[in-house]
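In the two complexes that follow, chain A is the common piece, with chain B as its partner first and chain C second.
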Partner chain A sequence: MEFIYYFGDVFSPLSFMLLLGGTIGGLILGATPGLSPTMAVALLIPFTFQLEATQGLILLGAAYTSTVAGGAVSAILLKIPGAPANIATTLDGHTMAKQGHGAKALQLSFLSSAVGGIFGVLLLIFLTPVLADWALAFGPSHLFWMAILGVTVIGSLDSASVVKGLLSGCIGLWLSTIGFDDIMGAQRFIFHPSLGGGINIIAALIGLFAIPQVLTMFAKGRNSGAAEVIAVQKHSVLDALRELIRRPRALTIGTVTGSVIGLIPGVGGQIAGLVAYDQSKKFSSESEKFGKGHSEGVIAAESANNAMVGPSLVPLLTLSIPGSPTAAVLLGGLLIHGIFPGSDLFDNHPEVAWTFINSMLIGQILMCLFGLYIAGLAARVAQVPQSVMAAVVLALSVFGAYSVQSSMGDVYVMACLGIMMFFFERYGFSAAPLVLGLILGPIAEANFIQGSMIANATDGMTTYFLGGALNKLLITIVLASIAYSAWMELRQRRSQTPADKTEVRT
Partner chain B sequence: MNRTQHILPSGLVFAVGVWITWISYTQAPAEAFLFPRLIATVFVVLAGWTFAKAVMGKSKVGTGLSRSMMLNILPGLAVMGVYVFWAATAFGFYTATTVAFFVLLSLYDPSSHRDAWVWVKRAVITAGFIAVMYALFALLLKVYTPREILF
Partner chain C sequence: MKHLLAGASIALMSLTGAAAAEEYPERPVMMVVSYGAGGATDFQARIVTMTAGNEDALGMPIAILNKPGAGGRVGWNWFATQADADGYTLAAYNVPHFIAQSIKGGVEYSTDSFEPIANWGADPAVFVVAADSPFNSMQDVVNYAKENPGKLTFSGAGLFVGHHIAALQIEKAAGVKMAYIPTKGGGAAAMKAVIAGEVLGGVNNLSDAFRAREAGNVKILGVADLERSDFLPDVPTMMEQGLDVDNASVNFRGVMVPKGTPQEVIDKLAATVPEMFKNSRVASKMEAGGSPMLVMNREEVQAMWAKRQETLQALLAGL
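After this line comes the complex of A and B, so read on.
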């Protein structure tokens, strides 16, 4: 119950103001198609440099929570999911809006997001310290395998092709080795003066997530990209609350599904909403109404994608393994303040850990309150033309990357990585495992070097890195995640019709 | 999507893989390249596999690039390249951003280029955005950017 002691810190004037700003800004950013939560959080990191670690994390956490929920606004009113997590919301949410129940759909979406989100954060509160204590038993070999696990799990589960996902992870791990070696001081892969200090994580994050989005907007040409907003008629919030209470099955399925999926590293919110929607439909007595503007569809999808947010931070805060790409960006936000996840975070910086987690709990309530009132405004912002969005995101990326350490080298790295990622994504490579490799690379290397020193003085490399129950368990999970993803990919390929195959190839 | 489109990125990644493997195994001190060797070995195997699949025409993942998409991207990419790699330091961040923002807005704005009011609107949006950026980065965050002209 340590978290209760730090509740007051959330309400200090600056922290609360950042929480409020992050929530409202996140709702608007989330409603803007093309601005994913990961990209929004990456672009916000430079703004946290001048803040204390706690305050910076409050801002990033609030933005993470509310961008996921804000995506429902454009999903419901424009039929454009603000983020991949909101795809399932469009199925019934937009139909409800077309039937004149847009306000009800929005209210249900924010209320169920808040219920799911609060449950997810409570899971984070009670699971994290237990797992963090357990992580204390980890030695260098285990931490090395944990870092490899983080890269391989996201590499295999988050990519369309297992081999290309793992290859992206390898590229990230290699990029993390560029610069001067920590122990010997030797130069490694410095083929341009801009790389002398290595690749800055924040600049890389901005480039890898924001620049491909800018180029995607360019790719649409002179297209307004603005969709017609459906007018929102008035609807009583109390009625929406009553409707939510009348649908406990959809709410429970969504909340539990989202929480469980969030705990699995790499799976993330993209599928939480869809899985919850599907399960809710299967167990519903009114399954025939799904897809035709049924409130249960909105409740299941939205409670799931917000319930995923809290648990996705459990593996991050305890074992340094981000549960989703956005959590990977948050890890970058922690590292720039010199804070390492795990028991160190809870033992040496409890005020940072608990204030951040508590702020996410309060953030869920604020997100619900403000979401209900600014949905209309957010939908208008979502109509901003793609040309403006592309120019805004490009300029923010350049300023953001430069402000990390006032270096043009970081801007060049950001632009090069971003342009490269845009083209590579078109051929099945993925940004998430690359980022994970870049972030977890130094952790993997430090523990590999430390482990090899211990191994050389004791049992030898093979016994040290491959022996022991925990090492074997971690290696098994690494191999199992790769095998499972390869099997899923093969099964998906076999189930494709000849028409699908042609479509993929063209 | 034709085979060449897959061969180019896979070939590039494979070439990088071969290069880092060669560097990792030949550069001294060997201790500094212990971890890169491990990564490079896995990297080159996976990259070789991907390249071989692309050469055999078995790469199926990804949407590829169409001619129209490339034609749409190229002007923006050119502006972005000039802005990031030259203008930002040559003219100063704010001046370069103003010009790049206005040019990009004009290039991709679907509104008519013959309407004078549209040009005024674009200029006002650009001025408003730069004012916000200046307030945020120069005044609030106190980020000292390269300054050459105007700011």
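After this line comes the complex of A and C, so read on.
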């Protein structure tokens, strides 16, 4: 309960100003394509040089929380996921925006972000010691199985059929091998200097999601001539709140999945949203609506990616090990003021630690309020004529891909993948499984190599990868996930008569 | 004709080069860091360059650009092949990393591709074990490795980086075979493996190990340097414990420019940058973060690079 004593510090004039500034700035940075939360926080570090430790951290904490949520804005309105965390948001969110429900999608996304985010920070406050053990429990073999679990999701994620989903997942896995191999340093498939660093995930995200859409918009403009005007429906915040309360399942699955997966160092943040999306689809009574502008999809994805924020800081604050790139940047922000995370932080600088954590709690609420305010305004983006929109999205895509590491190479990668995806989509392939393959490939590979090196030096591959309670549990979940997907596919085929191919009830 | 043209253009370039050098720098300067944002190199690079905009330093700010990947190879490859040699693109070097990688091959750079400017820090590698480990000295580690050849697993931040060099030196000095496990994700991931008990020990940065020890998570058994560190006066060096391990694995960090940068620009940088590192604000921030500083000028760095090249060539010849 110690944290309550430090709530006052958050509301001192300067701190609160920083909190407000960090939140608003974070929302804007987060909504800018190509600026991931890690980049946004790194950009703010120089500003904290001049501030006291507590105030500096308030700024960074607020920015971290709101950039993650801000990513939803470009994901929903422009179909450009700002970071891997927002991929799942595009699936239903952008479809909703295209149907004129952009305001609703944004409101739902900010409300569920706040719920997930507050739950995550509360976990950080109350369960930190327990969670720290959990974060440490995941060794190479477990992370390998986690990645495989992610692969099993690929088949059922947003594709016309399981086979096509798996195929695009495989393409993603192959793309992820391009570049220097991270452990051995071997060069693979580097046929152009831009590929030396492998395929940058942010550039790939922008290309795969935004470019096919730009091309489609241009193509439409040429064909019909008549600009398609979407009627943007106003949507009251109260209705959004009611909708959220009516969907407790998606919200719970999103929040819990996000918190649990977000904790795992190195894996969590990137796949939390996608796994939560997939899980709530599997458990939903209306799973056929997913991908067609269903509110549950947005709720699950956004509650998951903000729920991850709090737990992802557990390894940093307790063990002094940054569990994610953003946590590593925050570590820099602490070190610059001579504060070492770990027991030193909570014993000798409790005011820094708790004010920081409290500010993330208040930050979630502020983020939600500002988010709801801009939701109404931002949703009008859909009324912009398609040809103008296509140009804007294209410009933002180029800017986003370039800004990741100031490199034209990433822009070429984005363009090539985007054009490729445009044609793939015409044959019923989808970008989400491809991206998941791209993210999971390196995780599975690096952990398998590392695990097998440890295994060869100790008790052998079988014991290392198949033994132990956690391994067995993960393998069981993997098998269950495969069995479930197979069962669903079979059932779907059986119930599908040639007459009603489009109407499939599950 | 071709020769004439080439000669003329070279003469012209050197002319403009000389003119430009007097005004240098006229615009903000970029510094490439071959590791991700938040890593130790990135963190220190941001601190040591924070006063670059002062009138007594460059008078222009230095912006950090991260090009991470494959233990630094991606960033240095880019720097060696694609960066403009006009003094507006600097890079941070990590020795022995880039030298070891160039000896191992498969990259497009070597010590000849770069011109050192100045060194700002030296972070020795240390041997760490989990707080509850039965090992209490390097002797315990060596004894265990002798009884269980190839079975003592220990982590480090990748292949052909400082940690790996230290690991090779320890194995060679003790005459034992151990299992070095390179991790992906830098020193933090390697440290996590030690604390979580995935491996029996690990080589890590002194600064990170110091913090982990403060947090009560690890024991530090030895420092791979010639002298004990000011941060860890109680931890003996490898030499003191009878292991012939010198400072070849110490992670030297500093600034360099690509070969072909105008001599005037190099001279200007070599004169101002070490002074910039000595700024008192820089020193206090570096100390607060537990990052050991070691400022060396251009000549000293050139000598250090040459010596490392020799040591590493001998060490890596057997691999």
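Rule of thumb we're sticking to: the second predicted complex is superposed on the first by the 268 of 506 C-alpha atoms of A that agree within 3 Å, B and C clash if a C-alpha of one lies under 4 Å from a C-alpha of the other, contacts with A are read in each partner's own complex, and residues count from 1 in each chain.
By our rule, a contact is a pair of C-beta atoms (placed from the backbone, for glycine too) under 8 Å apart; a residue touches a chain by one contact, two chains touch by 3 or more.
Every value quoted in this text rests on a predicted model; they were computed, and no experiment measured them.
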- Message: Taking the superposition on A as described, I'd like to know which of chain B and chain C A:405 touches: first, second, both or neither.
- Response: second
- Message: Let me test your reading of the model: by the given contact rule, A:344 touches which partner, first (chain B), second (chain C), both or neither?
- Response: second
- Partner chain in contact with A:171 - chain B first, chain C second, else both or neither: first
- Message: I'd like to know which partner A:181 touches here: chain B for first, chain C for second, both or neither.
- Response: both
- Taking the superposition as given, does A:387 touch the first partner, chain B, the second, chain C, both, or neither? first
- Message: With both complexes superposed on chain A, which partner does A:425 reach: first (chain B), second (chain C), both or neither?
- Response: first
- Query: Of the two partner chains, chain B (first) and chain C (second), which one does A:217 touch, if any: first, second, both, or neither?
  - Reply: first
- Figure out whether A:469 sits in contact with chain B (first) or chain C (second), or with both, or with neither. neither
- Message: If we overlay the two complexes on their shared chain A, which of chain B and chain C does A:161 touch? Say first, second, both or neither.
- Response: first
- Note on the structure: chain A residues where the chain B and chain C footprints coincide 46, 49, 181, 183-184, 186, 406
- Enumerate the contact residues on chain C facing chain A in the complex. 30, 36-39, 42-43, 46-47, 50, 65-71, 73-74, 77-78, 81-82, 101, 104, 106, 150-153, 158-160, 179, 181-185, 188-189, 191-193, 195-196, 198-199, 211-212, 214-217, 285, 287-290
- Okay, in this complex, where on chain B does chain A touch? 1, 5-6, 9-10, 13, 16, 20, 23, 27-29, 31-36, 38-40, 42-43, 46-47, 49-50, 53, 59-65, 68-69, 72-73, 75-77, 80-81, 83-85, 88-89, 93, 97, 100-101, 104-105, 107-110, 125, 129, 133, 136-137, 141-146
- Note on the structure: Per the touch rule above, chain A residues touching chain B in the complex are 46-47, 49-50, 160-161, 163-164, 166-167, 170-171, 173-174, 177, 181, 183-184, 186, 188-189, 214-215, 217-224, 385-388, 390-392, 394-396, 398-399, 402-403, 406, 408, 411-412, 415, 419, 423-429, 444-445, 448-449, 452, 493, 501, 504-506
- Message: Help me check something: in the complex, which residues belonging to chain A touch chain C?
- Response: 38-39, 42, 45-46, 49, 136-140, 179-187, 193, 196-198, 265-266, 315, 319-322, 325-332, 335-338, 340-344, 405-407, 442, 446, 450, 453-454, 456-458
